[in-house]
Structure formats: C-alpha cells, structure tokens
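Before I ask anything, here is the structure I am working with.
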Amino acid sequence: MSETRGAAFYLLAAFFALFVLFLYGPTLTVLILSFQGPGGGLTFPMNGVSTHWFGVLWQGLGVVDVWAAFGRSFRLGLIVTVLTVVISVLAGLAFRRRFVGSTLLFYTAIASLILPSIVVSLGIALEFRIFDDFVKAHGLLGDGFHSAMGLFTSALGAHLTWTLPFGLLVMFVVFNRFNPAYEEAARDLGATPWQTFRHVVLPIIAPYLIGVALFGFTLSWDEIARTSQTVGGPNTLPLELQGLTTTVTNPAIYALGTLTTAVSFLVIALTLGTGLYLRRRRLRGASDAGKGTL
Amino acid sequence: MSQRGGIAPYLQAAPLALVFLLFLVIPLAIIVMVSFWTYTDYSIQPAFEVQNYLDVFDRCIVRLPTLCTTFRTYLSTLTFCAIVWALTLVIGFTVAYFLAFEVRSPTVQSLLFLVCTIPFWTSNVIRMISWIPLLGRSGLVNQALIGLGLIDQPIEWLLYSSFSVTITFVHLFTFFMVVPIYNSMLRIDRSLIEAARDAGASGWQILWNVIVPLSKTGIAIGSIFVITIVMGDFITIGLMGGQQIASVGKTIQTEISYLQFPVAAANAVVLLGTVLLIIVGLTRVVDIRREL
Amino acid sequence: MTTSLKSGISRRTFLKTSAAAGAAAVGSGAVTGFPYVMAQEPVTLRYLGTAVNQSKEIAEKVKADLGITIEYVPVTTDEVTKRIITQPNTFDIVDTEYFSLKKLVPSGNLMGMDAKRIKEFDNITSVFTKGELDGKKIGDQGTAPWKVFYLAGNKSKEFSPTPTEWISLIPTTYNADTLGIRPDLIKRPIESWAELLNPEFKGKASILNIPSIGIMDAAMAVEASGAYKYPDKGNMTRDEIDMTIDKLIEAKQAGQFRALWSDFNESVNLMASGETVIQSMWSPAVTAVRAKGIDCVFQPLKEGYRAWASGFALPATLEGRKLDAAYEFVNWFLSGWAGAFLNRQGYYAAVLPTAQKEMATYEWAYWMEGKPAEQEIKSPMGDIIAPKGAVRDGGSFAQRMGSVACWNAVMDEDAYMVRKWNEFVAA
C-alpha cells in the first residue's frame, strides 16, 4: 500500500462521510423531534423545545406499558443472540467436514433467508395451531393448557430462522479462512478435541462471534414480519409500536428512538472496549495464534 | 480440512437442522399444502384444487399485452429490486473498499464499521416514520430548497413516490451489502495487490482485475440479502409509497389479513419460485459455498 | 354502582392517591357490588384490540376498582381478526368490530356472552339492539350491528335473527365516520362525498387502504356523484365491485390520491402536514390534528355517514376465574366511567345514562347534545380540543347517528373484492 494518502483516500473518505450522514439522517430527525414541545406533533415544525416526551416515555408512553414490551424484546433478543452464536458455531464446525445432507442443510439455510418473512410466519402459526389442537384433543398437557405459542417458543423459532442463516454465513467465512495447522499443532501436543476448541479455536474466532452476536441481536430486535403471526400473547417492542400507530401517536416514540440510539452507542463502546481488552490480554499471553487471521 | 468424519459433524449440525426442521421445513410444507385448499370467510378446508393458483393469475394470459395485476405487481417489485440492487452494490462496494483498503488501523476499521450499525438499532418503524418530516411537502428538504431560492413550489415527488421507496430501501439495506463485501475484501491477500502494482497495473486495473473478482463472493451474498428482502418487503413500500405502490408482499399480507390463507399461500409459492430462480441464476455465476 | 359513589372525587385526585389507596378502593368496591373480588387471587386479563380503546387510565382504574390487571395487546385493525382466527388462545378478552363477526362467529373461536350477566344490558342503546334511535330506523346497509347481535346459543356458530340471551359482542364504542377536511386550505364549503373524487383536489386527497372500508367510502363518493345507486353498498355484486374499482383506478391514474392511509397515525400526519386536504378519516384523528392547533373539520355530508361499532368478545375456551373476571370487567366498562372517558374522545358509549352521570353537564351538552361549549372542552388527557362557544361537527348524537347511511361490512364477494382492491393498488 502506498505510504502517503492519495486523492483517492480523501475522495473515498468524503463518500464514506456522506454515507454515514445518509445513514444517520433519519436518526438526526428523530433526535431533533424527540425534543418537541408538549404541543408538538410527529412532523416539523417544532412547537417549542422540551424534554416533555422523555417524561411521557418514562411513564410508559401513557397508553400501554411500553417498558414491558421493551423488556420482552430485550429478553427475547438476548436468548436469540446466545442461541444464534452457539448453534452457528456448532454448525460451522460441522460444515468443515463432509457429512451426508450437508448440501441440503446449506440450501435450507439459504431458503430460510430468502423465504418471504410473512410466509414463514404464517406457516409457523398454522403449525402451532395444529399442534395445540392435537394436544388438547388428547389432553396431553392437562386442562390448564391453552397454547404452546409464545414469545419463547414460536416467536423464538421464527427469529432463529431469520438470524441463523446470517450466523451460519459468517461462520463459513470464518472457518474457510481458518488455518487447520493450529489445531493440528495442538493435537500433536496432546490436546483433547475440547481443549483444542477451547484454547485454540475459540480465541481465534472470538472477534467474529461478537459480530454474529451483534447481528443476531439487531435482527431480532427489529423483527416485525416474522413475529407478527407467531408472537402468541404479549407483543414485542416493534409490534407494540406498530400497534400504537392505530391511535394518537406522539413524539414520545421519537424519544424512544433517541434513547435506543444512545444505549446502542453505549453497548458498542462496551463491546469494543471488551474486544480491545481481550486482544491485549491475548497478546500479553504470548500466544500469537490468532494474529495472522485478524 | 479434517478428514475424520464420524458422528461429530452430525451432532454439531443437529441443533441447526432441528431448528430449521421445526420452524421452516414443516411450516413450509404446511403452506404448500394449504395453497391447494379451499377457503371460506372464516375457515380453510382440506382439498386439492388449483383454483387459488388460477386466481393468482386471473386473466393474465387473455389480457396480454395489457399486464394483469399479478404481472404488474411483479414487474413493479422487480424494478425496485433491480434499481435498489444496483445502488446498494455501488455504494456498498465503495464503502467496503474504503473501510478495507484505505483505513489502515484495524481498530479504526472496527470503530467505523460499528458506527454504521448503530442506526439499525432504532426500530424500523420509528426510522421509517422519521423520513416523512424530512421529505414531506413542508419537510426539511423542501423548506431548505425553498429557503435557498432553488424552487418556489415544494417538490411533490420526494415523498409517497418511487423515489422515497428507493431511498428508504437503499438506506435500510446498503449495510447488508457492505458487510459481506467488506468481509471478502479483508480476506484478499495484500501481496496480490502489491504484485499487480509491481507488474505495472494501474489503480483501475487492480480494482477491476484483482479486487472485484476476489470480492465476488461477498457481492453475491450481499446481492442475495438485498434482493430477497426487497422481493418480500411490504412495510417499506407501503409506508413510503403512500400505500399506492403494489408489492407482492403487500398482496400476500392483504390476503392474510382477510383470512384468505390458501390464496395467500399460493401467492407465496409463486413468489418463492421467482426468488429461487433469481438466486439460482446468481449461484450459477458464483459458487457461494465453495468460495466463502 | 361503584363509580356513582365516587363521583365526588375528581379523577386527578383519585389517580394521585390511587397507589396508596389501592386497598381502600378495592374495599369500597366490596361494599358496592363486587364482593367476590377480595376473596380471589389476583387475575390478569389479556386484552387484545387496536390501541384506540386501550388507555392506561382505564387499566389503572380497573386495577383500583376491581383488582383485575389488564394487560393490553395492541395490534393493527387487520391483525385483530387474524389473531382471533389463528391464535385464539392468546387472549382473554378481545375488542373487535361488529362487521368482522361474519368471519369470526362461524369459526367457533368466540363464545356468546350471557345477557343475564350484563347488569346494564337493558340500558344498551337501541342502536345496537333494535337498529333504532328515538324510534326512528337507522340506515342498515352493510353489516349493521343489530343484524349480528344475537347468537343462537352460548357456543353457537350461527347468528339468531330474533333476540336471544346470547350476545355476540357487548358494545363498547361506535361512531359515524365521514370525510375530514382542511377548511383553511380548501376555502369553500364541502357538502358531498363526491368531493373526494373531485379533480379540484388532485394530489391532495386520500382514501383508506383497508379494502372493506375503503371501497365503501369510494361507493359513497360514486353514489354521491350520481353515477350509480347501490342497492346495498355493504354487499356489492361483482359488477358493482368492478365498476367501483374502475372509478378508483381512473382517479388514481389521474393522480387524485396523494397517498392511501392504513393507520390512524398516517391519517393524522397526512392532514396535519398538509399533504392532503380532504380524506376519509376517523373522529379522534380529527381531534388529534386539531390538538396541534391546525384547523381540521370532520365534515358532515348530505349523503350521511359510514358508521362502525366495536365491542367485547370472549374466546370460546375462557373459563373459571378468568371468565368471571371478564364479565366483571365488561360490567365495569358499561358502568359509566369508561363510557365518559370514551365520549370525551369523540366516540359514543354503549350505555349512555351511566356515562352521562360521569360527565359534567357542559361536557354532555357539547359532546352529546350538539350545543355550544359553555367552557373549554378538554380531552381525557387534558389537551384543549375545543374553545368556549364551539359546536361539535355534525351536531348531536341523534343527528349524527340518525344520519348513518351504511355500516362497515364484510361482503359476500369479499375474496373477489380484495383481489380487485389489489388491482387498484397495483394500477
């Protein structure tokens, strides 16, 4: 690479800056409008400046308990994240070897990605409906049983069909670049498969796992189409927000947007800090196993 | 690659397979099955009829060359697909190139990358609503243009138009293009570029003959993301198109909300077929699995 | 009733002290007619519906009065019907519209409610029970509530043409819809539905993108223009559907519509930002635009209103303690406080006498009798929505509900209509 910054760099940097500006454009509108005066609406002009809507938000949006939905979405997001990481890593390991049905499984994952979300959602809803009817007809789970549908059954499954293909693709990228020599070295030194995984493979792929986790959480957090038919009882946050658009909506939802962005910055700063810390620790630990792949 | 097969890969792949079996394969089978059922206002009944498919393609052949609803809807969706794909590809590639080749410190790379992800954490619904004050008749853009004396009348086509739909798509999905391309670019061996330069290749030649071919996989994956999401979308097109632009997803959603599950399922099967055709076309160009 | 005893306490004071006085409130409930609440363990009702009727204030009041926790599940209009059909076990009470009953009741997912257990049943307005107002017949085109009000039995999948003990939906709110306009931008009187398709408003009109309702608004406009007279706008033949959709397509291709709207919020934003100046609209949406200080009128038109009504239904599987709690809640809803709350938003309560007791005389005069406001009129949230001297658009309850031309409906040719509507959207 050239030592001095060429014109291309500045041109591209400007392009990148414009792109970021474009990405943040609506976020900025949200930021500004969240400080609407108490009489203000969802659109310009501003009707005074206040933190009134943050107050409204704090009290749960005044209509329904938005914090409960926030909590549900957050818990679901975390579980989806953990499962996505674990299942993706396992599958990634599996795909490094040959096994019967691997091609089929791969194309199923791709299909999961390309299937229109609303179709997946409808299918899962119908499936649970049939299951419920079957269970009740046979009295399998007692009288109290109403439905197997719920946030952590059908909705969780729907979210996984969305996050797992992404996770799997990232793992493919990771493992195809992975140099098996490290593992062979570990094995030659007498490490068990678990030890090899824990002390050699995992540290090398760890940074990518953070990526998978971020992806998983973000996708789950924002999901509407796949959740809509499968959520069971109480809504996730995006569904709740969509439901709220059936009545008077006020800038408090912008306040929610601003808050989310602020929290995101915080989480990312923490993640990045952890990443840096891990790397420094690894470098200090005299192991340069992962260096080449980073 | 390790040669040892054994039972391990099956166990490792089992959770993934199980999730897909329960939440994808079975539901999909149910959908295909239901697409042949009949329905009334309130219920669906097992049957084997192709009437739903006939309804989907109602008068499509007899009315040619005038396009029927289904063809027109697909044409509109495919057009969006093509435009959005081209835009996200160009923008995504440029951004990824900048991040991968022009930014030197890995920390700065990660930082900039993360900065791009943050807007995605604000709920889609909120982000889409927020375009309206920006692009509306008395929105910021129009006010700014009028303020600068560039126009006297507000520009109408900024909002509730193909333009606003396109810009929102590009806004929402460019990043899905950036991620895989960026990943591919990081894998390119820098010595290849040095070698090309030493051999006297110009910047453009390096870009076209070295970097683009080696980023092909990333481009293909990004394209799959973007194309499939745009093909199945109904929320963005609905909201930003002022509900006046048809999309296949919206058609399916309307049918579902009127409880016409079988015809919705038939439409879904047709959509699925269309998307698969596009993807197969793409994988003809790039063998994703091998090149990942 | 509980509420009449408490009418001396203003809502504000009540809410302020409700946390501390929660137990006392339940106690007072015990004295005045809900003694069994105390003896039971706390119960939660999952309340499915659009966010329109789901006010936090109502949930808090129910908690204080009955000890029942209301857990709202707000969803979009389409979604309510869909969830009842596809996920019937995920809610304990649902607030839905009468017109969708034609799809819901035959599914067997809902149960008829026992009129004998509804205390105020005999006081429910005759709009629902007989289709009359002060002895005068109300327009019955479409799925009018009295056509689907009674069921043949508790778990019956059929409607009964004659009164029975089993009620499909216990009414909560209803209203008469018309066009909303921006008089400041139109600057001339608007008197007819035909104006919706008037080229004068090219690019500044909007219509509702909920097919079954949108097509009726279109039919009102077509009929008003003198092009065709429908025998029943709520149940068109295929030819009528074709003709109506063709008119819409013609208008769309000429650029008549700025956008179509599908939720409350969109309709408010369209009007408030001046993107549209005339559109089909809902009453509280007009109120919301006005609360922003923008001139907006819910314009009464000579052809009359398109009405809708919603009410409570229970899932067929509800039983035991939850079933009792659901009846308690419905009884509470009809006992006045909630009715007054809804009346103040521009809807109408199902049991008017109890709602009247909870409203100040000047409020009742403004909202229900069509008289000029003697004081500023405030929304339940405390926003001023009408200055002193203002008169409600469309006048009194009798004037508005008396001029209903048709009701929201599910047509026999529903599937065909939806397909044609998709054609309109795609055109």
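To keep things simple, chains are lettered A, B and C as they appear, and every chain counts its residues starting from 1.
Rule of thumb we're sticking to: a contact is a pair of C-beta atoms (placed from the backbone, for glycine too) under 8 Å apart; a residue touches a chain by one contact, two chains touch by 3 or more.
None of these values were measured; they are calculated from a predicted model.
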**Request:** Could you see whether A-B or A-C has the larger number of C-beta contact pairs?
**Result:** A-B
**Request:** Starting from the Cα centroid of subunit A, hunt down the chain whose centroid lies farthest away.
**Result:** C
**Centre distance in Å when subunit B and subunit C are each reduced to the mean of their C-alpha atoms** = 38
**Complete:** Distance between the CA centroids of subunit A and subunit B (whole Å) is 17
**Prompt:** Cα centroid separation between subunit A and subunit C, in whole Å?
**Reply:** 38
**Request:** List, in ascending order, every residue of subunit A touching at least 2 other chains.
**Result:** 42-43, 126, 229, 242, 245
**Prompt:** Where in subunit B do residues touch two or more other chains at once?
**Reply:** 129, 132-133, 136, 138-139, 256
**Request:** Return the residues of subunit C touching two or more other chains; collapse runs of consecutive numbers into ranges.
**Result:** 79, 82, 265-266, 269, 273
**Parts of subunit B lying in touch with subunit C, wherever the complex brings them together** = 39-43, 55, 58, 69, 72-73, 76, 129, 132-133, 136-139, 156, 159-160, 238-239, 242-246, 250-251, 254-260, 263
**Asked** Across the complex, what residues on subunit A touch subunit C?
**Response** 39-43, 47, 60, 62-65, 125-126, 129, 132, 146-147, 149, 228-229, 232-235, 239-240, 242-249
**Item:** subunit A partner contacts - residues on subunit C that touch it in the complex
**Value:** 46, 50-52, 54-56, 71-77, 79, 82, 86-87, 89-91, 263-266, 268-269, 272-273, 284-285, 288, 291-293, 317, 381
**Message:** Touching residues of subunit B toward subunit A in the complex: what are they?
**Reply:** 1-5, 8-13, 15-17, 19-20, 22-28, 30-31, 34, 91, 94-95, 97-99, 101-102, 104, 106-107, 110-112, 114-134, 136, 138-140, 143, 171, 174-175, 180, 183-184, 187, 190, 193, 203, 221, 224-225, 228, 231-232, 234-235, 248-249, 252-253, 256, 261, 264-265, 268, 271-272, 275-276, 279, 289, 292
**Fill in**
In their shared complex, subunit B is touched by residues of subunit C numbered 78-79, 81-82, 85, 102-107, 203, 209, 211-212, 252, 257-262, 265-266, 269, 273-275, 410, 414-415, 418-419, 421-423, 425-427
